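Every chain is named by a letter (A, B, C and D) in the order it is written, and numbering of its residues begins at 1.
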Amino acid sequence: MTNTQVTLLQIDNYGPWTVTPEPRRETDLQTMQSRLYADISQFVGARDGYVFFTRFDNMIAVTNGLSREDHERLQESIGNRYPVTLSLGVATGTTPVQALSDATTQLQEAGSAQDKDRREVLEGRVIEDGHRTDGDVQIAHFDVINATGTYTDELNAFDTFIEIEQGYAELMRHMRHTHDSLSFFVGGDNVIVVCPDLEEPDYEEAIHHVAEAVDVDLQVGVGRGDSAHEAGYAAKHALETCRADGIRVELAWE
Amino acid sequence: MTNTQVTLLQIDNYGPWTVTPEPRRETDLQTMQSRLYADISQFVGARDGYVFFTRFDNMIAVTNGLSREDHERLQESIGNRYPVTLSLGVATGTTPVQALSDATTQLQEAGSAQDKDRREVLEGRVIEDGHRTDGDVQIAHFDVINATGTYTDELNAFDTFIEIEQGYAELMRHMRHTHDSLSFFVGGDNVIVVCPDLEEPDYEEAIHHVAEAVDVDLQVGVGRGDSAHEAGYAAKHALETCRADGIRVELAWE
Amino acid sequence: MTNTQVTLLQIDNYGPWTVTPEPRRETDLQTMQSRLYADISQFVGARDGYVFFTRFDNMIAVTNGLSREDHERLQESIGNRYPVTLSLGVATGTTPVQALSDATTQLQEAGSAQDKDRREVLEGRVIEDGHRTDGDVQIAHFDVINATGTYTDELNAFDTFIEIEQGYAELMRHMRHTHDSLSFFVGGDNVIVVCPDLEEPDYEEAIHHVAEAVDVDLQVGVGRGDSAHEAGYAAKHALETCRADGIRVELAWE
Amino acid sequence: MTNTQVTLLQIDNYGPWTVTPEPRRETDLQTMQSRLYADISQFVGARDGYVFFTRFDNMIAVTNGLSREDHERLQESIGNRYPVTLSLGVATGTTPVQALSDATTQLQEAGSAQDKDRREVLEGRVIEDGHRTDGDVQIAHFDVINATGTYTDELNAFDTFIEIEQGYAELMRHMRHTHDSLSFFVGGDNVIVVCPDLEEPDYEEAIHHVAEAVDVDLQVGVGRGDSAHEAGYAAKHALETCRADGIRVELAWE
């Protein structure tokens, strides 16, 4: 049974900071947001977690394997090196949406995202080492079948982008409402979804739904593990099997 | 009349590189993609351009003000410091979609994105300094009205994200098909759109369309200039007027 | 009794890479070297270690607290994101120089720094968790007394730099030959020295030696701990006492 | 005749910032300092300049080709993305030391490096485009003859480092006092020196001096150009000739 540990990372008072004393140059904001995300990706990834850029001022991570001290250390590093600070809410749940919901509540109860006094909150609970199992995390890695041949080498780059965005928007809503899952576009034509205990028919149904709704054809590799990396890496390998064998859904553990 | 210079930046042979000899750790890919984008943002931004992360392996930039030599220098810098290289297609047009379309064709004609031999292509034409005007670029900066109060402090962070994504997906399609414009989510609740010569009714109509289609309420500041930064910075200031005065559409030049 | 765990990090085949197929632009090399060092500093620092840029193609770290798996993970991250790879040699010793010497031998025996076939060596042994003690690491943090008043605000910036470099060069030789210690300039007017079990007279003597030899006046805070960060942070606090009280040598544990 | 444009970059109030409210973690300071330097290296390098990390809180750059607006843009970018700000002093001179000296005075007259009110000073003058010539900058690129064979593959890594540091310390003093030149260690076994109009006998004498004083054998390639990159790249190529032909001094223009 999955037991996903989710951390919500929120930049403190970011909206006001970006326009004080005047609006800041857009490309400098983009650079800072991206490098902040990259640093968090290295920190979380070195402990076998995954983090998704999401909205950049709010980022979502799967942190099975990170302790409370790890979360404090991350806050300290960012606070020492950036002109902004992070507040973190951590929670666990049998579904990723439940965990993320509780993590969000942790922060909301501590104060607004634009509360000028709320800084570096750290609330919530992690899974103790002795309670972790190989079934804690399920990750599904979707991509568009032959995106390069169908889109990238044929349409203009923005129309290709529109197709992939529409596919992502449809998949994200379906997976959240039907399967309590969290879906994230990670570049190229790839979407990584953090799931509870789903089975092959659930994935076949999701793929069918997206094809019907927006005419985008997906395939998916799925993995399980005690961490996002364990599960996600197995999912990547399963996706390679899809690519090689022309299969739509491949579960790493079957 | 707008004369947008658009550059399409495409990582050479990226798909195969990410899985050779084996799939690479996802968080390392995310870190590299984000830092590559951040570097390009600094380079382009220092010359008053804008670049959008788009799909990360394909990025779209508004490069009015960047010369061909600037494009070569960017390729050199990336090639010297990353394990991947970039191909660049540059074009201009009276609409951003036209320019982006031609820039895409430049690359497609040189070879597939996954052509193992295509490396560091640089094709296309820039606007000569003497031919630049203050009306070359029009940038519209949209955001969601009171996103913090309506969503961030109320819903769980993923449901907030879904709302913003649905708003973005709807706006991007509408602006492309109805107004030949290119729309990019830039974090938070912000979308920057690169437009041809649009007027106030066009923006009111776009806002109305998104509200009707997905129930997301937008406001917008619009600016013009000889570069993305000139136009975009004026748009940011106009958006501050919307926030302060409760207006939905503010054009910087009226 | 100190038991320093030292890791030597060496970029594989770097000399040849910097000039193949042609010499690479110097500022791009500087950028890459500095960011590589910064990444290693974050990785090592998050585990309470210290790493010094040293010669950039060869870097020295105090890695008490890092496991063999941590070293592998660091190599993987760098290999996934940079156009170069790292070889690592790890060793422990009752003196830092001894540990560094053994770590060097690990790499030298595996192959030349410019051996075109030697890649991502990982050799050596770490201190097992159960064998770590609070006396494993001793760190001394030296700085120049009132550098800002004496030099920075008075001399031209290069002459200030010369004074500090001469002080560093003298201290580094003395500490290595007399005290088996490793000294590293870390910016500003600061030198961090990794020491065996030294006592107050040893530090007073080192300060006297440098003042006599090159007329540069130093003060020092010294700390001990089971990691470089534990020891080094105590040393920083001790140095603050020197600054506040006008003392030359302050040991955190007395 | 050389006409070197030198910029001194100084972090405002850095000493106090590093210990307020408490001393900051050393590895976080190292990461921030290195990435700040790397960003400046990209900015300056994209305009064909060179920048040297020097003391990290004080950095020296050769900025022939950078305008006053370029300097302002750099300050803006750093101020938008870092928790610190930069003050810049720019000056030109027939010798690099003279230019650096005047650049330093610009900042010293505006306020102390630790003046809590001095922020983002920008003082001085640049060389107007029409006044630039191919002889403005002379760069000498020294390295240790066969450092890998003599030191890296033979001694422990710190003793190799000591040898290179002693060679650098000796060369830096000699070149400053005898030839009004600025010398910077740039990693590996390389030292880049910014010179006035020196000739072959000057370089032979410098090499002889260092060999006599500290028994370190150097070779050097020298180049000239209207920018640091023009001169420095020619110097790199000349150094390759030294390596290939066993010559000690090679001037690119003879």
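To be clear about the criterion, a residue touches a chain if its C-beta (ideal position, glycine included) is under 8 Å from a C-beta of that chain, and two chains touch if they have at least 3 such contacts.
Protein names from UniProt, one per chain: A, B, C, D = GTP cyclohydrolase III.
Keep in mind it's a predicted model, so treat the numbers as computed, not measured.
Participant: By mean C-alpha position, what chain is farthest away from subunit B?
Facilitator: C
Participant: Pick the pair with more C-beta contacts: C-D or A-C?
Facilitator: Of the two interfaces, C-D and A-C, more C-beta pairs touch across C-D.
Participant: Could you work out how far the Cα centre of subunit A sits from that of subunit C, in whole Å?
Facilitator: About 37 Å, centre to centre.
Participant: Per the centroid of Cα atoms for each chain, what is the distance between subunit C and subunit D, given in Å?
Facilitator: Centre-to-centre distance between subunit C and subunit D: 22 Å.
Participant: Scan subunit C for residues touching two or more other chains and write them down.
Facilitator: 25, 28-29, 31, 35, 42, 45-46, 77
Participant: Considering only which chains touch which, label the overall pattern as line, ring, star, complete or other.
Facilitator: complete
Participant: What part of subunit A is in contact with subunit B in the complex they form?
Facilitator: Subunit A reaches subunit B through residues 8, 10, 14-15, 19, 23, 25-31, 33-35, 37-38, 41-42, 44-46, 49-51, 53-58, 60, 97, 100-101, 103-105, 108, 112-114, 148, 152-162, 164-166, 168-169, 172-173, 176, 182, 186-189, 192, 229, 232-233, 236-237, 240.
Participant: Please output the residues of subunit C touching subunit B within their complex, sorted ascending.
Facilitator: Those residues of subunit C that touch subunit B are 24-25, 28-29, 31-32, 35, 76-77, 80-83.
Participant: Which residues of subunit B touch subunit D in the complex?
Facilitator: Subunit B reaches subunit D through residues 39, 42-43, 45-46, 73, 77.
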